[in-house]
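This is the structure I want to talk about, given as structure tokens.
Letters A, B, C and D mark the chains as written, and numbering starts fresh at 1 in each.
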Amino acid sequence: MHKKVNQVDVKQDQTLKELIDNLDETAFNARRLARACKIYEKMVKIEGCVKFFSLAGAMVPAGMQKIIHDMLDLGFIDVLITTGANLTHDIAETLGFPHIQGDTEQRDEDLFNKKISRIYDVYMPTKVYESMEEFIKTLSFDPSISVKDFLWFLGNELPDHPHSILQVCSKKKIPIYCPAFTDCGLAMQLSFAFPETNLNQFQDLKDMINMAWDAKVAGSCIVGGGVPKNYLLQAMQFSPNSLSYAIQITMDRPESGGLSGASLSEAISWGKISESAEYSTVIADATIVLPLLLSYLKTTC
Amino acid sequence: MHKKVNQVDVKQDQTLKELIDNLDETAFNARRLARACKIYEKMVKIEGCVKFFSLAGAMVPAGMQKIIHDMLDLGFIDVLITTGANLTHDIAETLGFPHIQGDTEQRDEDLFNKKISRIYDVYMPTKVYESMEEFIKTLSFDPSISVKDFLWFLGNELPDHPHSILQVCSKKKIPIYCPAFTDCGLAMQLSFAFPETNLNQFQDLKDMINMAWDAKVAGSCIVGGGVPKNYLLQAMQFSPNSLSYAIQITMDRPESGGLSGASLSEAISWGKISESAEYSTVIADATIVLPLLLSYLKTTC
Amino acid sequence: MHKKVNQVDVKQDQTLKELIDNLDETAFNARRLARACKIYEKMVKIEGCVKFFSLAGAMVPAGMQKIIHDMLDLGFIDVLITTGANLTHDIAETLGFPHIQGDTEQRDEDLFNKKISRIYDVYMPTKVYESMEEFIKTLSFDPSISVKDFLWFLGNELPDHPHSILQVCSKKKIPIYCPAFTDCGLAMQLSFAFPETNLNQFQDLKDMINMAWDAKVAGSCIVGGGVPKNYLLQAMQFSPNSLSYAIQITMDRPESGGLSGASLSEAISWGKISESAEYSTVIADATIVLPLLLSYLKTTC
Amino acid sequence: MHKKVNQVDVKQDQTLKELIDNLDETAFNARRLARACKIYEKMVKIEGCVKFFSLAGAMVPAGMQKIIHDMLDLGFIDVLITTGANLTHDIAETLGFPHIQGDTEQRDEDLFNKKISRIYDVYMPTKVYESMEEFIKTLSFDPSISVKDFLWFLGNELPDHPHSILQVCSKKKIPIYCPAFTDCGLAMQLSFAFPETNLNQFQDLKDMINMAWDAKVAGSCIVGGGVPKNYLLQAMQFSPNSLSYAIQITMDRPESGGLSGASLSEAISWGKISESAEYSTVIADATIVLPLLLSYLKTTC
């Protein structure tokens, strides 16, 4: 019944797909990674499977913006749930302000004095915030729409950019949820520039629940934990069809009891993931896994 | 200049305070824990220091509700920022539904069939949700107030309970923010029972920024990461007086770049923590650290 | 059958024992810590239980030397398995060279130039090595005895010290194993000073297996992972009575498959831990847990 | 001076080498991984660089045996330091007993009763040990040689196998050190079959120190921590030329002070790594990184 572990054979001209196939016959996180790739492949290939994608962590500053963009553009993501930080940094990149490769050994006091904000080993000059502010001030919008509608509007207002996440969501009308929207620089700037802003996050909640409710087959890719993960899973809890496929990529662990590190199995007890679901958690940095995952999907799907 | 490491001397009738004093002369996380206790002690003792407290993680299910309650009640917390999950579980406990000690070895499929939701090694019967729903339906409130005002209202409506977090915040008018409010069972039930609900989270944002702006001296205790941590720190970024004291208790680490595991030093580069601040990160499970911390504060403050 | 989670009640004049009793009624690592304390208490109280203690990590530099000493002195440890590093640092302290509280923000290049070796946030001046060398050179011993016998000899040669680990093992004839003995500064210095040194580690192996074989009831406390953990467990595998009690204190996790982070449950499959054993893993820094554990044991045993 | 973060562009027919080049322009662990690949590439290409490789963790059971074999065979490893466990499992595979893909959800009590030993999600039938024992009993060797010499002898005695680590070391006379040799099943079986066994580990220590001493240029790849890492680094400490290149792949972290998670920078303070060294730590599971690393090296070297 059980298969043997095959010793990985790395060949010189091997494609990444072949390597991942090899890893599927191993153990530990290599095997979990291979399983995650294969589960995502199924999610893409199964007719009508709605692919929910939750994205936490500073993925745009770390150079993962285009990967998320491409996954949206290629139809590998049907619903995106993310943090305000990723949106704020997406706007920065889209407005022409790239992030900078820094290091972790500079004194933070010196960076502060040089007006550089640090995100682990990435730098962002604080002047980016000023330019964002100029852009925000030019906007004209109904201050009581939902966050999703505001983000679609915003994607439309931004200058053309080859791999803006907001823009591709806007163009393709891909629902994008940001449940903790007031927890980001973008929301603060909106609030300063337009004090009457009161985006309707309860409308987003209802939309999201409907998306989950309507999905005949549902799959998910959970990158990092936090609010995006919980928002995705809570919507599935009350849906008639819980998740049939689920992968998660995280460095968090279950033992301290937080939702971020909770196992996917735990979500079965809540009815968020189906008893018969296929699932795999990869304990690894998403900056390593996402490029491998997209490369695998581009070859197989 | 540098002090020597003293070998810890554990005596039989030692108070916890004496033990913590011992740990201050050691290294690794023991020393960080002792430093955190002493920094919090300063925050309490310094006249006019506003103590911001961010709380993520499933702390109420894990038995930390009364500790948070007592810290609020004793004036050790001036502003609370937390997750919807902690509020939802606070309501459950307050309505008389305790959490259950479970284990991690039961099959989640079986728990699902027994209508038990698992939070690592804690169980919650799903019928709790039904009772909460009954309570929610009885409420009558203005659907456009801020989340903080709604939570104060809610604390007032709940039956008397000796250690309800919501109730003590309500009674003592301690500001309580929940920036990702739509990301919890409570918000979902509100949305089902009162479809017109549209609590004004932008009002909360403005309030929170004002709290940070007005604090002449500011200190923080950050338990877990996520949105509560970021919301606290982003408010400090634009305040004239950034944090002078900061402790954080977390199992997250900086290397994968997420805000949850980011070092406190990193926050100095952003201007969220002052260059001259005293700070300490304890890499430890909050369920171990919070009881020790409160015990230390009860003795010294 | 299942008990409810009790919300921890931290009282002002509470003893640590009372606090630990409280934590036993909670969850996550707080509960695991309480269970570990209670299992160790049983190990001490059960007549004839042989208490194996494996110790990895830089516990002596971090100020845990006296705790280990006291546990040996009080009969809470019957067999010690540790790393050469802990022994080398024990000798340094015993010869009068304390470790120094440092920090992690100094440039390591500068420390190198100041002849200071860093162990996370602990400093050790390299001149300590020179003084150790002087001491080593004075020794006169049979170069083919077992490591345990050499360590007992060494404990006897060291100047009197109130909390030397080597000394208490020597005085009380507590077996002390160091399976990777050639992996430490002490062994390197021996090898330089006495090129004919060839301590018989296979004799240690046979002794250790006999210790495990003869134990009618066996318990273990595993601090950190590495060779000490494995050496302890491999000896139990071929013993007629595998471990009836086991606790481990570590920050390592199972998912990457190494023995250090392996669950205690896994050891049941190998026959190293009994099917009916009581066991608890505490995911926490040992510098926090060991002081609490000894304080608990001093009160209860 | 600082470069911008480039958003990763994953193309369909991209080689792994191209992908790694992309990651070098990003952040977090993706960038560390790319840097590690490029540093290893230099180690291979620089004339006369001695490449020390320390290997902890259950890498053979997890399917990494052939990768280590190939790295030895291709001259990417000049000196191997590893654990007895990896050698024991190498013998098992070489004798024709593959490891089995298992899972972590079976009850360990049941596995024990089925005579299956579990290594996270890998199974090994205990009967493998019996077959190993048969093989061990047939050996005839000088019981006082060094461990390295014994392992070379053993590699020669094993049946031909396409990717045995012991065999390739033996054939190519690649020094292989196992400093905690008595801490493994192989040593226990030797000790049972040949009670007079007393391999000379101090000879290994002297050999290893000489290898480090003689290396004009030294580089290292550290996989996992533990004794192999420390043994490698301690030998470099007293060498005239400390490490010029160093990479490490681990899930361990520095904060709890153990050597396994210690930063490479820390080793600079000890003089184990040169002040001017190029180094990179990848916080990731080695089962994911090793296949990528070898693929990169096969393309570039």
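Everything below uses one rule, namely that contacts are C-beta pairs under 8 Å (C-beta built on N, C-alpha and C of every residue); 3 or more make two chains touch, one makes a residue touch a chain.
Remember, predicted model here, so these are calculated numbers, not experimental data.
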Label of the chain whose CA centroid is most distant from the centroid of subunit B
D
Two candidates, A-D and B-D; the one with more touching C-beta pairs is A-D
Chain centres from averaged Cα atoms put subunit A and subunit B apart, in whole Å, by 25
Centroid spacing, where centroids are CA-atom means, of subunit B and subunit D in whole angstrom
43
Indicate the whole-number Å distance between the mean C-alpha point of subunit A and the mean C-alpha point of subunit D.
34
Multi-chain touching residues of subunit B, meaning two or more other chains, are 27-29, 61-62, 105, 119-122, 251, 253, 255-257, 265, 283, 285, 287
How about subunit C: which of its residues touch subunit D in the complex?
56-58, 61-62, 85, 104, 108-109, 111-112, 116-122, 179-185, 187-188, 191, 195, 197-206, 209, 224-227, 230-231, 234, 238, 251-260, 262, 265-271, 275, 285-287
Inside the complex, what are the residues of subunit A that reach subunit C?
27-29, 105, 107, 253, 255-257, 283
Subunit C - residues contacting subunit B, complex
2-16, 19, 22-23, 25-31, 33, 61-67, 70, 93, 98-102, 105, 119-123, 163, 251, 265, 283-285, 287-288, 290-292, 294-295, 298-299
